[in-house]
Every structure is written in structure tokens, then in C-alpha cells.
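Each chain gets a letter, A, B and C, in the order it is written, and its residues are counted from 1.
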Amino acid sequence: MDNTEQKIEAVLFAIEDPVSLKKLASIVHEKEEKVSEAVESLKQKYASEKSGIHLVSHDSGIQLATKPELSPILEELVKTEIHESLTPAALETLSLISYLSPISKSSLEYIRGVNSSFTLRNLLIRGLIERIPHPKKTNAYLYRPTADLIRHLGISDKNELPEFDKYQKLKEEIENE
Amino acid sequence: MAYEIETTGFKGPIQKLLEFIEDKKYEITEINLAKITGDFLDYLKIVENDEPRLLADFIAVAAKLILIKSRTLIPDFELTPEEEEGIKDLERRLIIYKSLKDAEENFLSLWKKNRISFAKDPTPLEQNPVFIPSSEISLPSLLASIAAMRSSITALKTQYEDYEPLNFEAYVSELITRIGKSVSKFGSVAENRNKNEVIVLFLALLHLLKDNKVSISQDSPFSEITITPNG
Amino acid sequence: MDNTEQKIEAVLFAIEDPVSLKKLASIVHEKEEKVSEAVESLKQKYASEKSGIHLVSHDSGIQLATKPELSPILEELVKTEIHESLTPAALETLSLISYLSPISKSSLEYIRGVNSSFTLRNLLIRGLIERIPHPKKTNAYLYRPTADLIRHLGISDKNELPEFDKYQKLKEEIENE
């Protein structure tokens, strides 16, 4: 019997952090394509069933997590630090990064009209956003939400943000600047 | 950690400009931008007082508004292609900013719901972890790494410490002294100043004009501005 | 809808350790009898389905765990993790800890400008660093290189690191902030 799905479920259960498809493939010794299918099927299983857990997707990989509607029960058990209040500058920056990720500092500053170095630094330290090297510019970064942030918003993929698609066009426009 | 201070709670120039427009229920058009130029210039005083670090960002926008205002006031006022582009860009940024404010509302509503999807609690750290070195760890690589971080820390500090706020009040009083009781030329007042300073001086001049402290005249666009003190 | 089963699944997932029926009942605010039924139903679900995880009952309570037949995959996982090379982020953190130890997480994050929880955990697990209780703050730690790391570097004390003295100033600078 083919038990790729079973194996993947076990691996996702064993690792607390998001795991990339590539890494999953190397662990279960299967092609990425096959792994991707199995992940999709797992996702369906958890979503459809009256399950207490579900699969969360992030740029860096996938992760098993509890369903957001059960948050009240779990908050009493698991301590959480990142859900502290946000300043207006932090909120604005965080929402821009969530909708337009991956986004460069210069695009962010173009939209906000203010220098954003300090706000970005604070959000990075709080673990709400992360940076990846800019594919075209050396010593520059692109910013995106962390898996933690996605889970704290109670969504299972950033494209579940309300009206997400609408803003993707805007993103192209800004990048053409 | 002194230089982690954020520009907390303070609105940026684009946000503030949008607010002025929306308060008046205006559309984002050049004509309407001209109408709120006065409000925006008044607001610069508040910025200077409360968040001087943002003044330069505000002045950059104010300079564009002044161009727009000038064009509506002076019939044959001509703009360079770059200035035209700058004005169009300001309108575009306002439109983008406005539509992203809705995204922020959406984001905030999710954030406030506090519906968190929890990941598994990390496994407790073992008492006796196995030592797993890797080929990247060597004396030279550790040194290179800390040396690189040292310079980025220094850069961070300099960025903060080099910052000198433009003091609007000081420019206004300087202008009053320079003008004194005699007629002056703006060109000589602004001589040997950097771009930001020239803009602030110009704003200071407009401020004096508004308070009826001076009268100004200009024969043609781009020609010398003559300042005459009142009374 | 009654979602006791869902709640229990989420709680068992989030807590690594076995949980007693009594404790489960108090967490989900239900009677033990009802919790016991829900646990039974969950057990069936995981057993029947081609799942990679299952419910195990011990004397100490109930626990979600990977199925024993999948243990080879988990061994594979551990091997993959061990042979993974150190990321630049990890090397950066290791370098700071070596030169500036004992150093707190907040100082590290201040210098690096990014959240370091994940990297610290990784270095701890690999036995490259260790933590000691913070002398002044409760529930906080200071980090330092392990004796194994010092030996691996071919030195007998951390102050033999190249240009060690030069970088001690960095620590004062940060602590004065």
C-alpha cells in the first residue's frame, strides 16, 4: 500500500515548525509532486472532517495547528507572546506586508511616505514578519509575514485574507514604480 | 535601547493628506489637493513639535502641494516634466494608500478576533543534547560573522545620531532677522542652502506672509521673489 | 453542534504530554463521562483511518503520538536534521554567543534585528550552546558556548577567539542602551 500520506502526517506531527515540500520529499523519499498531492489530500481531510486540527500553509512550508475556532480553550493552556498590541505604524506596516508580500522596504516606504526602518526592525524582533534576500538586489531584503502571524490571524493561508485577490493587482502596479 | 523609538501613533504625510481630503469629502484630484494645501502647511508646525524626525518626509510632500497650489493661482505657471510627474505620482500614491487602508481594516478585524491557530508546543529541550558540529563552524567564520554584525550596529547608530531635525521656528526667526526692516531678495536668503533648507525657508516665508508680517512680489514665474517687511 | 471531540483533539495535539481524563474534562468544561466517550470516538477515528498518528492511553493519561510502524520515517527525519548545514542565521547567532557570552536573548535580538527563538532552539538541540538562568530576571536565560564547541574550535577558552578583546566593547555598548 502506498502510505506517503500517512508518513507525511507523522512527520508534520513530529516537527513543530513549518516544513517545506522539498524537505518532506527528501524525508519520505518521494518526488515533490507526489508529496504535494498527498499534502493536498491531507489538507482536505482535516478541513472537511470535524477535526480539531488543520494544515496551515506558509511560504516557508506547511504546519499542523489547532483550528482557530478552538482558540478560547487553548489560550488557557498555551502561553502566547506575540499577540500584544500594535502601534498604528506597526499595524499599517504589518497589514501592507501581509497583503503585498513579498515586498521590499522601498515599496513599503513609497506607499507609507515615511521611513520604515524602525517599524520593520520591531516587527522582525517580535517575530511577526521575516525577511528573505531580494532575488535581484544584493544586500536588500523582501519582507513577508511569519507562519506565526498567519496562525495568529486564524487563517490557514495568507490568500484567505479578506479581499486578498483585489490587492494583488495593486501590487503589480506598485512594483512597476 | 534608545534608538528603537518608533514613530508611534504619528501619521505619515500621505495618511495625513488623505485625511484632509476625506474630511472635506473631496475626490483625489489636483484641484482638491490645491484646496487643502493650507491645512497641510499648518499641520507642519504640529509635526515639527511632536515628531520632528518626520518633518523631512512631510516637507517633501509639502513641496509638491506648493507646486500644485502655485499652478492654480498663477495662470501661466509652467512646470518641468519632472514636476508634472511628481504631482501625478502624489495623486497615485494617495489612491494606492486609500485602497490599502481598507486592507488594514480587514487585517485589524482578523487580528482583533484573537482566533489563534496554535502549533504544537515545542518538545522540551533534552538534558544532554548530542553535540552536532558542522563544517561551517570555524574560528575565521565566527570572526567574519561578528565583524559583519559590528558594522551593521554602527550603521544603525549613525543613522540615528546623524539625524538633525529641521527647526521650523528657528528658520522663521532667522528669516525675520535677515529681512530686518529692509527689502530683501529670497535668492540671497536661500544662498548656499541645501534643498530641504530652501524648502523650509520658503515655507517660513509663506508663514510670515500669512501672518501679514511681510508682503512679497514676483515679476514673472521663476524670477526673484522680493520680500518687503510690513510696518 | 457539540464539538467536545474537536476540542479534545486540539488539546491533545497542543500538549505534548499525556493528559488525564479528569484534566481533559476540566479543560473543555465537560463531564468526565462525556469526555471519555469523545476520546473513544477519536481513538476509533485514528485507528480506522489511514492516519499517521493515533491515540495512546497510558496510566498517566491519553496522548496523541505517531504510529509505531512509522518510526523509521522519524529516524530519517532526525538524520536529515542533523546533517543539515548551519544556516547563516545560526552561524551569526553562534558567533555572537561565542564572543559575547553570557548573553541574553533580547541582547542577541537587538544586535541581529530579528527574532531569534527558533535559531536559539536549534543551536541548543545541536549542543553548540547552552543556557543558564538569568541572574537578575526570572524565567529568562543567558546563553553561552558549550565546552564541546570550544574544543571543536581548537581553543581552550573563549577568550582565545581571534580579536576577542576588540568585540567585548560591543557588549558594553548594547548593555548601556
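We take it that a contact is a pair of C-beta atoms (placed from the backbone, for glycine too) under 8 Å apart; a residue touches a chain by one contact, two chains touch by 3 or more.
Computed from a predicted structure; not experimentally measured.
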Interface ranked first by C-beta contact pairs: A-B
Central chain of the complex, centres being mean CA coordinates: A
Distance between chain centroids, defined by C-alpha means - subunit A, subunit B (Å): 31
Distance between the centres, which are taken as Cα means, of subunit C and subunit A, whole angstrom: 20
Subunit B-subunit C separation of Cα centroids, rounded to whole Å: 43
Contacts with 2+ other chains: residues of subunit C: 10, 13-15, 110, 113
Shared-contact residues (touching 2 or more other chains) in subunit B: 3-4, 118, 120-123
Complex contacts: residues of subunit A adjacent to subunit B: 13, 16-17, 54, 56, 63-69, 71, 74-75, 78, 80, 83, 86-92, 94-96, 98-99, 110-115, 117-119, 121-122, 147-148, 150-156, 161-163, 167, 170, 173-174
Partner subunit C, residues of subunit B touching it in the complex: 1-4, 118, 120-126, 129-143, 145-146, 148-150, 152-153, 156
Subunit A contact footprint on subunit C (complex, rising order): 3, 5-11, 13-15, 27-28, 50-53, 64, 66-67, 70, 73-74, 76-77, 80, 109-110, 113-115, 117-118
Subunit C residues touching subunit B - in the complex, by the definition given at the top: 10, 13-16, 82, 85-86, 91-92, 94-96, 98-99, 110-113, 121, 124-128, 146, 148-149, 152-155, 161-163, 167, 170, 173-174, 177
Subunit A contact footprint on subunit B (complex, rising order): 3-15, 54, 57, 61, 93, 96-97, 99-100, 102-104, 106-111, 113-123, 159
